[in-house]
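Before we start, here is the structure in question, set down as structure tokens.
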Amino acid sequence: MKRLVNDGYEVVEELLEGFTKANSDYVELLEHDKRVVVSKKRGDKSKVGIIIGGGSGHEPLFINYVGENFADASVVGNVNTSPSPEPCYNAVKAVDTGKGCLYMYGNYAGDVMNFDMGAEMAADEGIQVETVTITDDVYSSENIEDRRGVAGDIFVFKAAAAAAAKGLELPEVKAAAEKANAATRSMGVALSSCTLPATGKNIFEMEEGDMEIGMGIHGEPGVRRDKIRPADEVVDELLGYILEDHSLDSGDETYVLVNGLGGLPLMDQYIVYRRVEQVLSEKGIKVYKNLVGNYATSMDMVGMSITLVKLDDELKELLDYPTDIPNIKF
Amino acid sequence: MKRLVNDGYEVVEELLEGFTKANSDYVELLEHDKRVVVSKKRGDKSKVGIIIGGGSGHEPLFINYVGENFADASVVGNVNTSPSPEPCYNAVKAVDTGKGCLYMYGNYAGDVMNFDMGAEMAADEGIQVETVTITDDVYSSENIEDRRGVAGDIFVFKAAAAAAAKGLELPEVKAAAEKANAATRSMGVALSSCTLPATGKNIFEMEEGDMEIGMGIHGEPGVRRDKIRPADEVVDELLGYILEDHSLDSGDETYVLVNGLGGLPLMDQYIVYRRVEQVLSEKGIKVYKNLVGNYATSMDMVGMSITLVKLDDELKELLDYPTDIPNIKF
Amino acid sequence: MSTLVLDREYFINVFRDMLPFVDKESEHLQQLDSAIGDGDHGINLTIGFREVAKQLDTINENAADISTIFKKVGMLLLGKVGGSSGPLYGSFFMKAGKDVTGKNEVTFDEFCGMLLNGIESIQLRGKAELGDKTMIDAFLPGAEVLKQDSPEDPVEKFTAFVEAMKEGAESTIPLIAKKGRAMRLGERAIGHKDPGAESAWMMMEVFLKRLKEAASA
Amino acid sequence: MSTLVLDREYFINVFRDMLPFVDKESEHLQQLDSAIGDGDHGINLTIGFREVAKQLDTINENAADISTIFKKVGMLLLGKVGGSSGPLYGSFFMKAGKDVTGKNEVTFDEFCGMLLNGIESIQLRGKAELGDKTMIDAFLPGAEVLKQDSPEDPVEKFTAFVEAMKEGAESTIPLIAKKGRAMRLGERAIGHKDPGAESAWMMMEVFLKRLKEAASA
């Protein structure tokens, strides 16, 4: 148990208390539902409501992506567990300005069931809610629509949030999210499990010196278990899967994210980025922009993922849109 | 060995290659000395050169703190090891505009010897270099001037960099750094060692479930080894040491940093911040601003430190100065 | 047709037994979920039934009928758990209560009907089919037993129900998953029992234990 | 006064022996540094002497004299290692070369003088005193032996020098540190040998081994 928490069953409440205190200029919890983080930077113009969410334990995902020109609300579940329907619904009630709302979250069975129930509750009151589930994790299924959402989430969130900030209507905002999702591919590797605060234990055991290619952000098993290899070889393998799946050709431009899962040193992440850039530039693929750091974690899991977004002018404009969110430059 | 690196003796070169590629808008390596990161945002106005540095393995410290209105150069040592004199000198040659330079780094014997030799080399050529060593780690000595520098570094850097950006002269810039250093106190706790890339091993062994109060950012032993206790108790103890040492009274304002050492989940850091805020507000001490995240790490060490800066109007103005550095909002 | 009648006390007792049951099995369920999921199934049930335990007296005091008790329990699970098992077990209990409005005791056959309603709602919510390696693989064989218009005594029938569910849970071991987190595992899911199928029959066994008491009373 | 003369080949051989020596002792030195420092003393020396090994042939080809060889080795350590040991050992070798300009062989007594110069520079650079728990605790007792105007044969004298340094290193065990990283440890430093003191006598033992060869040749 290498965690600094109090009661393992109270971590979400305490996390949210700390987070909202630390960022009281940006966010607050709904008075009547402490599982909904709402932006204080919404202003009073009418726009499509951007609602993101999922289980806790991925910080800064999802809560830090609430703010100006980003999400209007984040719905917060228990650790590694989708939020329940009521906060999904309460988020809609809180941020809808009459133009409807867009739910965006990683594609997991639990999230789909709960957010769908929230959307049904909103529909009963005549509020329109659309949904885009994010499916960037290349290796999680052959069928794109069955894939999981991992760190690529943040590009989909940002594209849709920018579209909403520009004043577009719900169908266009949804289309922006879908477009970003279709352009985004990720693949990860883990060198350890994360520690569940409720049990103080690892989700699964992993031998020191092993790695799992393709492991999910909740510790779902991946492609295969292997001995840790040099960073460059690991990058080459991950990029191999991504580029096989993604039509990125010489002359194309990408937004690159090297995302730490929580326990991997930033040093290693830059070493990884170095190799990603080498491989892409060998192939003539241009890095338009990049992010290197812990943007979507699995608590203390040691590992990282690589995300490539294939860009066109529309996506560039959306992903360049200025934002102001807690602690993150994006 | 839970690290993603190639040759453990090449990590610094590869880190710097990745970092400068990822941030080519902000920084470059000196053509003739690849251990000096130089800002591309220096512009051409004459100002006091701000030079920071130290060993590698603390990323984002020191390299990410180079940029607009922040450091002009960072000198990079081996892992956990001060840079040698030559790059310290080369940094001065690269950024001096005739107004002299200020060296700032954590107070460690190795750094002092090497930077001092660099300063002597510069002095031989008539370039004035002043030095402020940072001494924020409360428990590292009774004598303030013997204390180590840890995460509080970043406040000292920023204060001096802002003073330089405002066009102040070297003595005033140095005075700003000294003032910030005198106002800054930190104390940390570690739940694990970091892994040295050269050996693939922990620096020291720590029993699962143990923690070390007061451990240094390179793994230097701290006050005492103990069983891990609930986060709130750990915070109370650390704050106890800081507040005993620091004259912060009801009505005072502070800048709070909860700094992750690399392997501690952001979730836990927010839980810690929650308690820090509770204790301070009980004492009537006002949090002016805060930072929560990995700002100065020890690679994959699991742990965190708390830093409190006692503010007055001058420090507020300096610490509010707008900056633009890679990936960090500060 | 059996003449056994179950009163609200029976159901309150069963719901009171749930937390100790979950506490006992939590680690076992976590291990199953670790192998093919995200390791939290036991935690999820603990979170849900802690809340049920906390509110059960109040629910009992305020509920007009058995229907309300089931609905409230279902809503607590739905509201507190999240994930997959929150909406699935939440719907199960909520829908199990739907046909017994106004009643403060139900016959054994009515009780079987309640469970069938609950099972139906899990199917509706999760859209899983037999062989997808989910709790449905336990519930559907159990439902077959419940539907049989058998002359047996209630305890025997309910024992057969739980047995069929347990076998259904066992039957998930060699399967490749088609729903839930394990879906992405492909062949690597083979050899592991589905955690939701396991918790499903075990939860029904809690009903069985109290049923034996009620029948012999 | 001894008549032993040491040529540049002797020194080149010693510097060539440094990397194998460091490779062998690196882990041991790391462990000492882990206990009271930051665990990298062995790594630091490895980094330094890898570079020395890489450049030694070139240095030998281009160096006009023994002085230059020492200065170059010192500069490599200074430039590549950093930390505390970089400037300390760097100064040691640089200053050891300062009085032997133009020479391609030195007498044993000149060699002792070179070492004394080196030791002096470590004191100047680090400002540590006897009992501060640093490499100075090994070097100063060694220096006393070197300074003795003894009639003994060189190998005997140098053996006594290394012995005195080794004892000096041992003497750091019960000390509280006054310099370097261990300074902050207070009482917790007690019971641990200083890594720099240990590497110091061991490095001098590398000189001793080749000296025995040279003396018997």
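What to note about this one:
Labels for the chains are A, B, C and D, by order of writing; each one numbers its residues from 1.
One rule holds for everything that comes next: contacts are C-beta pairs under 8 Å (C-beta built on N, C-alpha and C of every residue); 3 or more make two chains touch, one makes a residue touch a chain.
Model, not experiment: these values are computed from the prediction.
One finds 54 Å separating the Cα centroids of chain B and chain C.
If each chain is reduced to the centroid of its CA atoms, chain A and chain B end up 29 Å from each other.
The mean-CA centres of chain C and chain D are about 74 angstrom from one another, to the nearest whole unit. We define each chain's centre as the mean of its Cα atoms; on that basis chain B and chain D are separated by 33 Å. Of all residues in chain B, none touches 2 or more other chains. Multi-chain contact residues of chain C (touching two or more other chains): none found.
With chains as nodes and touching pairs as edges, the resulting graph is an open line. Here the chains touching each other pair up as A-B, A-C, B-D. Across the complex, chain C is touched by residues 9, 55, 77-86, 108-110, 113-114, 117, 140-141, 146-148, 196, 198-199, 203-204, 216, 218-221 of chain A. For chain B in complex with chain A, the touching residues are 1-7, 11, 14-15, 17-19, 21-22, 56-57, 59-60, 189, 191-192, 194, 197, 208-209, 228, 230-232, 234, 262-275, 277, 290-294, 297, 299-300, 302, 304, 327-329.
Chain C contributes residues 27, 30, 34-40, 43-44, 46-47, 50, 78-88, 90, 125-126, 179-181, 183-185, 188 to its touches with chain A in the complex.
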